[in-house]
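Below, subunit A partners subunit B and then partners subunit C, in two separate complexes.
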Partner chain A sequence: MIALSILIPLIVLAALGAIWKARPVHSALFLALSLSLVAVLYLILGADFLGLIQFSVYVGAVAVLIVFSLLITRPSDETKEIARRPQSMLAGLLCSVPVLAVLVYAVSFSTPTEEVAAADTAKIELAELGKTLFTTHAPAVMAVAVMLTAVMIGAALFARDINERES
Partner chain B sequence: MNLLADQAGVTQAVDAPAIWTTLEALPQLPNRLVGWIGFQMNIPEWLATLLGLLVSAAVVVGVFLTCFALVSLVERKTLARIQNRYGPNRVGPFGLFQPVADGIKMLTKEDIVPYKAEKLLHLIAPIMIVIPAVLALGVLPYGKEWVPVNLELGLLFFFAVGAMTELSVFIAGWASGSKFPMLGSLRAISQMVSYELPLLISAMGVIMMTGSMSLPAIVEHQSQYNFGVLSNWNIFTPWGLVGGIVFFIACIAEANRCPFDLPEGESEIVAGHMTEYSGFKYALFFMGEYLGLFAISGLFITLFLGGWSAPIAGLEFVPTWLWFFGKLVCVIMTMLWIRGTWMRVRMDQLMRFCWLFLIPLSLLTIPAAGIWKFCGEGFLAGLLGWGVTVPFLIVPYIIITVILNRRLAPATRQYHFAE
Partner chain C sequence: MTPLALLLTLSCVLFTLGLFAVLTRRNAILILVGIELMLNAANINFIAFWRFGQAGAEAPDMIGPMFVLFSIAIAAAEAAVGLAIILMVFRHTRSTDLNRLDSLHG
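Presenting the complex of A and B:
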């Protein structure tokens, strides 16, 4: 409980830092910090697999991706001013408030199913997790897989177009 | 001494000489000593647990820092021998105190922070490089009894903390506020991200065979013997051989070693992300790199070379951790040998090698491991497994390397004036 009461304010602070920092790279690093602290939260709550996956996916892949794209696109100092303009703040609010509303609604009005409530969350076998993923939740996994494949093909096509234009 | 195999094909060393059993328990000595002292002084249980954890961590860090000092000397000596030189031989007998001299030099050097650097991030980056390496070293099983932290998801933990390295390399490059570190870190990150894929995918077959992500369980699975003699290491199976070779190549690339040492190739892009670092921060980068090298070599040994298990039955009386460190020496020496004899690849060759060769090959090992597991155990099943998986691996290999990559292979160079 003590650990949580220290950790959660830190997560929130890191998230605020991600929004508030003027330089995009600082924001990205704060985002990585916030996401890795969430991974620590999962570990404290006993969801080891989820915590480690959160760490490797968000810190290892997503944060690096963001940072990489920032460097390749070379954000100039103008971005600083753009970020502080009222229009962009309004646009940001328009995007984030509905998401927040949906999340708050989903979290506060959902009740755990009997299976979940009955399960001993601290001791879920990894093999069982895998079996559930590829039997009960197979349609969702397949939908995500198809979407990702489509995205990858699209990215490859875009890259090919750029290469051809350059050469 | 009775070392005969029993009926189940599992050998057990009975009546091993006392010296070996004592040696086997040697790594636990500090822990037991602290435990005994704690018991005598009647300290509370939580303090004893904490002290125990600290001592096991201190043992690992101490052992591998000594290894770091030794390897930095052995590396220079070996490279010198390969290049027909003497290598460091001025400090102490045979240059044995060279690491000490290096350490003093590094510690007393001026710590320069560039004017344009981000002060805080510039300081954090070298520390952040060392942390994941030490964390990763903490989960490896060094011996039957010597597992510093026994995690159920050890393998996943290893890769998850390894993900931090890329971010710290980026921070080092970006916080220096100069273009060469930036370019170097971009190259380093793109290399690490690319080579992490074959690394992870080729480890997948091992997880499939063992059915667990716990590193001690993976070693346990390999420490049985076929026909009572031959060890059951993963590298002795068709999928394990291919996966092991891919994993080893990806290891070298992840550790930024020759022939994949582009990020810090002195002749190409200065010292990569470490260009603006000096003094002890530079030493920390080197320490992180070598500790990471030990960690990833240790993982290679654990996954494919049977971890602490003996190569043939009958040699099990030798302490298990000695086997592990013997294998570690072999792996590191192989890497030094490669460094001494191989030329550095070009950036586009590096990427192409990964994406067009290593990743397809590592993807092949997953179904091959599945077939192998399906074939089961025993002599006939093993024969069937070899019969099915070898063509399954070789035919696509030929298609990938010979047919698909032919267009990309460098053309045979014509030396017009040579003849």
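Presenting the complex of A and C:
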């Protein structure tokens, strides 16, 4: 509980940095920080395997991919590009503050107020996870495999430089 | 505040921050950053309900972690395709500003 109450403000602060920092690279680095803190949260909650997966996939792959894309697509007039428009800030606040209010209202009225005993047995057994993954959820694993193949081919096709190929 | 309520509130806040980023950013890659935050908020919900939502159950099921596992795979795929599309757009317009992508505007 103490670890949670220290970790949760840190996650929120890192996420705030990710959405508030004007420079895109800083923003991506704060995203990486936030994602790695969420991985630590998973470790604390007993989902060790998911914490490691979160760390290697999100921080190791997605965040690095985002940073590299930001470096490749550097705009020529960066100061103009990163300037925020007041109208869009107003629209963002108008849309997101009511969403937050409704969500927090729903959470505060629907969760039990008495201390819920943490299920001590809620721990990921890797062998059990693997067995469930390849028996009960085998169709889903196959679907994900097909999707990842399609994504790999699609991303390579999209990112290919057509002009360079023709010349 | 129970740990479950704390985690659900964290998830709400992260989702709203992601939504705010998606609505206000102009750079397409930073909109993707917001989408990643929103996906993470959903994953935190799954883990919170798996950990604290089945107290007293004889044998806790693995549905929550399984969902998170597939969600992480799909998020990685989404980021790869999204960034490839953004790279293609950048090659055409020399910019990742979504406000400039108005060539279909009548």
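Odds and ends about this structure:
The working rule: the second predicted complex is superposed on the first by the 111 of 167 C-alpha atoms of A that agree within 3 Å, B and C clash if a C-alpha of one lies under 4 Å from a C-alpha of the other, contacts with A are read in each partner's own complex, and residues count from 1 in each chain.
The rule we apply is simple: a contact is a pair of C-beta atoms (placed from the backbone, for glycine too) under 8 Å apart; a residue touches a chain by one contact, two chains touch by 3 or more.
Quantities reported herein were computed from a predicted structural model and do not represent experimental measurements.
In the superposition on chain A, contact of A:T149 is made with neither subunit B nor subunit C.
Applying the stated contact rule after C-alpha superposition, one finds that A:A18 touches subunit C and leaves subunit B untouched. With both structures placed on the common chain, the touch criterion links A:Y42 to subunit C but leaves subunit B unconnected.
When the two complexes are overlaid on their common chain A, residue A:H137 makes contact with subunit C while staying clear of subunit B. In the superposed model, A:L29 makes contact with subunit B only, not with subunit C. When subunit A is checked against subunit B and against subunit C, the one touching more of its residues turns out to be C.
In the superposition on chain A, A:S69 makes contact with subunit C only, while subunit B stays out of contact range.
With both structures placed on the common chain, the touch criterion links A:L129 to subunit C but leaves subunit B unconnected. Once the two complexes are laid over each other on the shared chain, residue contacts for A:L93 go to subunit C alone; subunit B is not touched. Contact with both subunit B and subunit C is seen for A:A61 once the two complexes are overlaid on the shared chain. Touching of subunit A by both subunit B and subunit C, each in its own complex, is seen for residues 49, 53, 61. Residues 1, 4-5, 8, 11-12, 15-16, 18-19, 24, 27-28, 31, 34-35, 38, 41-42, 45-47, 49-50, 53-54, 57-58, 61-62, 65-66, 69-70, 72-73, 75-76, 81-82, 84-85, 88-89, 91-93, 95-97, 99-100, 103-104, 107-108, 111-119, 121-122, 124, 128-129, 132-133, 137, 140, 144, 147-148, 151-152, 154-156, 158-159, 161 of subunit A are the ones touching subunit C in the complex. By the touch rule above, subunit B contacts subunit A in their complex via residues 121, 151-153, 156-157, 159-164, 166-167, 170-171, 174, 182, 186, 189-190, 193, 196, 211-213.
Chain contact summary for the complex, subunit A toward subunit B: residues 25, 29, 32, 48-49, 52-53, 55-56, 59-61, 63-64, 67-68, 71, 126-127.
The touching residues of subunit C, when paired with subunit A in their complex, are 2-10, 12-21, 23-27, 29-30, 32-34, 36-37, 40, 43-44, 47-48, 50-52, 54-57, 59-60, 62, 65-66, 68-70, 72-77, 79-81, 83-88, 90-91, 94-97.
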